[in-house]
């Protein structure tokens, strides 16, 4: 990242085919359907962890495929994930002081 | 600036061409006089304006501080009423942090960061101008409150619920909230701009680990800003909605928890402390090596400790809240984390001392301020360690001991660092040397005044004088000659000595402007890229983008090690180095053209904010201006099209650099 | 108590000399008998904190002296005396690592002690008496929940001075009615914020009877500077006497006296906000004050047994004149209870300030009492308003108030 | 947004040559999004903290209409697909398809905003005013902030369509579309989190 | 003196001042109207200021340029828009202020467009150049302005439809609309040949359909459930029923999590049908909770039993209004299930009387916790 030797071609021709994106979208749709089903079907003790897990899967799928972080320069990932990581860290810590998680 | 690209217009006959009819909203191309400053996108001009704005607010905040010290010089002071005093200390803190500390660092960053990395401008020149104008608008909103019913009176930390409409009935807090949001937006935009600049626009060969340390520290600071400003924005938005639109966020009768504000504020507020201090660290990390004639000791350690301070700085905010009932587990965790942050800070101090070790120290005023920082910051840092011990902190927090601590850090640290920067870089910016004799007066008065003002505050605090009190009473001052009354008086006297020191700086500026010595090309035998150009630099900074091979590139172009004697021998003068660059000047230099939009956009945001206080119509007007300017901006190319240059240059698109005198 | 003092004494011995040398320079310049001195602990909790100070401050002093000494040496030694420009070395990693590890080790020692003290100071299971403390702009209310083991059979509400038994582990349950305040008696413990909507706990214990001064430490608005407190530690016997006195039945002044006229003035003017327990109106119905209808924060000091306290208006003013005040503040601890329980007699009363207060309270203490500023608070006051009492009324009132003991 | 970088010496090169080889604009956008994470994090945390504090008016579970919100979440999620198709079209310089997909994205976004207006109105009718309770204030602030982001996004999308049609773009077209797309996807991922944490978990 | 452009804007400013004065005196001023007009004045004044101060070119040259390039103006439909606006203003003066405001908006929008077009038509003899000038001046407002208008119209009309139909219908309608939009997107993306023609048909038709549906929905009003809900205010604090039985609205979908557990004074637990209380910080059971008067305090209630319970606070009784009917005072949490929590926030202004002491009870469980307000 400190040198100017990054090849120029792949900054534009990255990502996947349209069909690939549609596949991703279908997976996202399926996960959303599963999420919504928690409203109708009792998941028992799995309710909370499964919802959180599905949320993260969706989040990272959109971020890595639709937003190209998986294919793009790692610097972009760095910028975004520092922000995301700090956000999770500071707010989880702050909420913990309110006995949020008990 | 496009001036240099323009042929002399006087000789060209006035031809009626379509381009001239643009008249109305024609973009500025070649401008002069005040327009040259108002519409500029040149990072150097913007940097100078940042500095001027910050210096102005430094004086404003300083006057507020003097009034505070006058009030407290004797028991039951009557200079200020309780209400005025509360406004005074609130605005003193706010002004010094948001309108002096951050903008002054931004001034240095703006001016020197592109120069230090060998760039012609920042990545987004118009956004840079926008940041400046937003800061100005924010500062105006904040200070307008003095004339519109009273300034904010809840302290710069503005704890809820004391900031609510019932407890602070004037509009002061509203202006404060709005002003800070605007100033915060300015910093956010500025920080994104500078990060992109540093990462993307370095001169060939300048790897990250060959960047000047000042640039490194600024980079860390910008990351802190990018990630901490949104948090205060959330807090300010909540407060604004509470005050202006009836939200309930801090309404305890609904079950709210006022500690929410404190967390949001300090999650921002602690990184903010490093935002203030790290630029000063960066400055003296340039000054100390230059005047010791040695490279910075342990450059990678200084870099990593700076980054570590930045990162850990996000995990220690609750140490501002040790007395606010977090519960023992949280207190213990944050107490330990706070101690941990002392380690990288200590590394920095040791590295500075070891930089000077074995050096050849030249005591210029810049150097004096730098070593002033090293010593005074050490004192402030050590009193900081006593705060990290949470139980002790419950005796110290909210007393004058804290006031002493952070003034040693922020005045002894930040302000001394910035003054060091003034004296070091003044010849670079203005081409004239600040007077060293006046500088000496400036330095010694500030050192004496600062220690007299803030030193006794340690005693005042440990003996139980709380801060933020508009009066103190003789009944609690204790007995003996050295009672609290004595030390309060000493502190007040000290503050005026301090003010006299600052006055000498102002005198020095005027003196230098009038009959200052013209600066040589390399007055300090300096080490970094910004000196490989003229004083002051040309509009395009460098005739040729320098190619970098070393840390301290400029020094290594002048000196080489004599392998026989193991000493450094000079084999080129600065003039020769600069000449070599000029001779190889680039033929085509495209610089971004000036633009109205940053100014108009900032104005729009200002009007929009006033709408929160003065009603929806004002807000609509502001929004209209805002939207108009955003799209005007987007549709305007950053470099003016040739047809917009009026009249067009003779031979179409080729713009040669005018010869440099 | 025992463990604490053992730890304390052993550590004292080790650190005694160091502290003596290091701190003497600072202490020489300090006031004697500053009532809020944080380095004069008078109870085990404050002593715990002070023991930590005795560890941290000497370390800070020593490190500071070493670093600053080194700095001075460097400034002198490597001054430009025409020596050659040194070789451009970039540092020595082993030195960096040493200079990172050494402070880390020092701090981890400090950290261990800090850690322990934090949890010691948060202990509440050994509590012997609970007192509720409620902050309000700009005074403190103390209420003693029913605790028969201390003779408290009905809630006692008082303000201005916190009275508690010495040598007893007191637990303050702090809260606030409006903004954040902070309860701080430096001689007894560090500060703890009183946050509205929350209850925060603060341990308090005094080794000996005496008067311990403090001040609200969290900025709480206009009169923050005037929000003071005094903690009164009494011996257990004296405390029992005080408790009994606070609960004794109200005796109305004899009809026809000035005091009785004063009671009428009180009922007409003051009883709207200020409660006096047992006060009855002409029909014999108990008078319950309704400060919530007049004051934004919703309470006003309970004036039952007012003359057993030495201060008024948020401890901003003394209720006793200077001579009597000196008698109480200066009393040795064994005589202190006696001096304090005397209360305020007619010749001890601080007539000047009390009368001025009754005449025009907002002039004496800034508290947003101006009617034109009451818009956002629905017309309610933020403190005692101007009541337009005549001098005659004031005479009567003062006479009446003197009977409240 | 479409600020063009100052090019250094080599203005012969069409793409801004930078030390890292990546575009200034995209880097700035990603930084901005990193920063936005903390903004929405703060608003979400405020909501999470205050969600159970209802001293007056309805509780969250009593008024949420999960089926409807599921559909609107779904619409927003799928608009990410149309957005990404717009971006790939733009990278192929197929601007007519770019415009088509941008338009689809914008219309889907506008219907989402419509759904939100509907939701707010319905909640208000059921007794949830902005000042009713801590839950209401923090709910409206969080979803309102998101709604404003979506609205701004829709306006950006439509304006991009207009600018592309009139050929008034000042920078690299594909990159402009990509950057608008990044913003749009971010708004979508924020909603993914809000949908789970705010709507589904309490139910 | 002034550049051509600035004259237009100065004229516009003057015109809008006149309009404002007229409006303020002739029409009953509404916030909305004043808003629009003050906005107009300020933006016009700002633009005049900008155009005067930023003038770079030499005035005379501009005047000459204008003369030199005077040519036939292009056809324009803006006069019609302006006429429409004027008609609306007049109508608005007579009828509704909203119409007046809308009229002003149309008048201003049309007027600005007209003026700029008129001006740009004479900017030079080159038509392409002229349109570029026009775009330069108006681009900043047109793109976002049109986009915003479009967004708001679409969003607003959709929301009207959702509000008018039933909950389920709204959901299904939303699903269908989204599916259709998406499907159309794919069809047009696949069949390039269809696109131009079809798009020019589909877009106006669907917008017209949406507009008709939206307007009809808006006129028919919101669905009955919403109207009833607004009238009856089911969840208001005064409609709480604090008995042992579940009440229709208040207990529907109880809120069973308390995320903010720190800001509470005490925890009241019901276990094995017994009520007990613990104060924060003291790990022992108490039978009395003391709350300072007028102090906002939150109490946490935790149900550990199988049956659903609620916490009730009894705060004496009072007469209702001027009648002699005495009603008990107090409030309660929702019914909550096993292992769940609820909070109750109280601010009690006065101490209890001896006859009616305050207390916390749990209907259906034994024991009470005394509540003392000193």
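To keep things simple, chains are lettered A, B, C, D and E as they appear, and every chain counts its residues starting from 1.
As a convention for this text, contacts are C-beta pairs under 8 Å (C-beta built on N, C-alpha and C of every residue); 3 or more make two chains touch, one makes a residue touch a chain.
Since the model is a prediction, treat every value here as computed from it, not as a measurement.
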**Q.** Neighbouring chains shared between chain B and chain E, ordered by label
**A.** A, C, D
**Q.** Furthest chain, CA centroid comparison against chain E
**A.** C
Q) Which chain is in the middle, if each chain's centre is the mean of its C-alpha atoms? A) B
Q. Quick check: more C-beta contact pairs in A-B or A-D?
A. A-D
Q: With chain centres taken as the means of their Cα atoms, state the distance from chain B to chain D in Å.
A: 32
Q. Distance from the CA centroid of chain C to that of chain E, rounded to the nearest Å?
A. 48
**Q.** Centroid distance [mean C-alpha coordinates] between chain E and chain D, Å
**A.** 18
Q) Which residue numbers or ranges of chain C touch two or more of the other chains? A) 195-198
**Q.** Multi-chain contact residues (two or more partners), chain A
**A.** 1-4, 75, 82-83, 86, 90, 94-95, 97-98, 100
Q | Multi-partner residues of chain E (at least 2 other chains) | A | 139, 143-144, 148, 259-260, 262-263, 296, 298, 343, 345, 347
Q: Could you list each pair of chains that touch one another?
A: A-B, A-D, A-E, B-C, B-D, B-E, C-E, D-E
Q: Spell out the part of chain C that touches chain B in their complex, as residue ranges.
A: 26, 28-39, 46, 48-49, 52-53, 56-57, 59-60, 63-64, 67-68, 70-71, 74-75, 78-80, 83-93, 95-96, 99-100, 103-104, 107-108, 110-111, 114-115, 117-119, 121-122, 137, 178-180, 182, 184, 186, 189-193, 195-198, 200, 213, 215-226, 228, 296, 366, 368, 373, 375-377
Q. For the complex, which residues does chain A have touching chain E?
A. 95, 97-100, 102
Q: Quick one: which bits of chain E touch chain A in the complex? Just the residue numbers, please.
A: 259-263
Q. Which positions of chain B touch chain A when the two form their complex?
A. 199, 204, 207-209, 223, 226-227, 231, 257, 259-260, 263-264, 267, 314-315, 317-318, 326-327, 330
**Q.** Sites on chain A touched by chain D in the complex
**A.** 1-8, 11-13, 15, 17-18, 21-22, 24-25, 28-29, 32, 35-36, 38-39, 48, 51-52, 54-55, 58-59, 62-63, 65-67, 72-73, 75-76, 79-84, 86-88, 90-91, 94-95, 98, 100
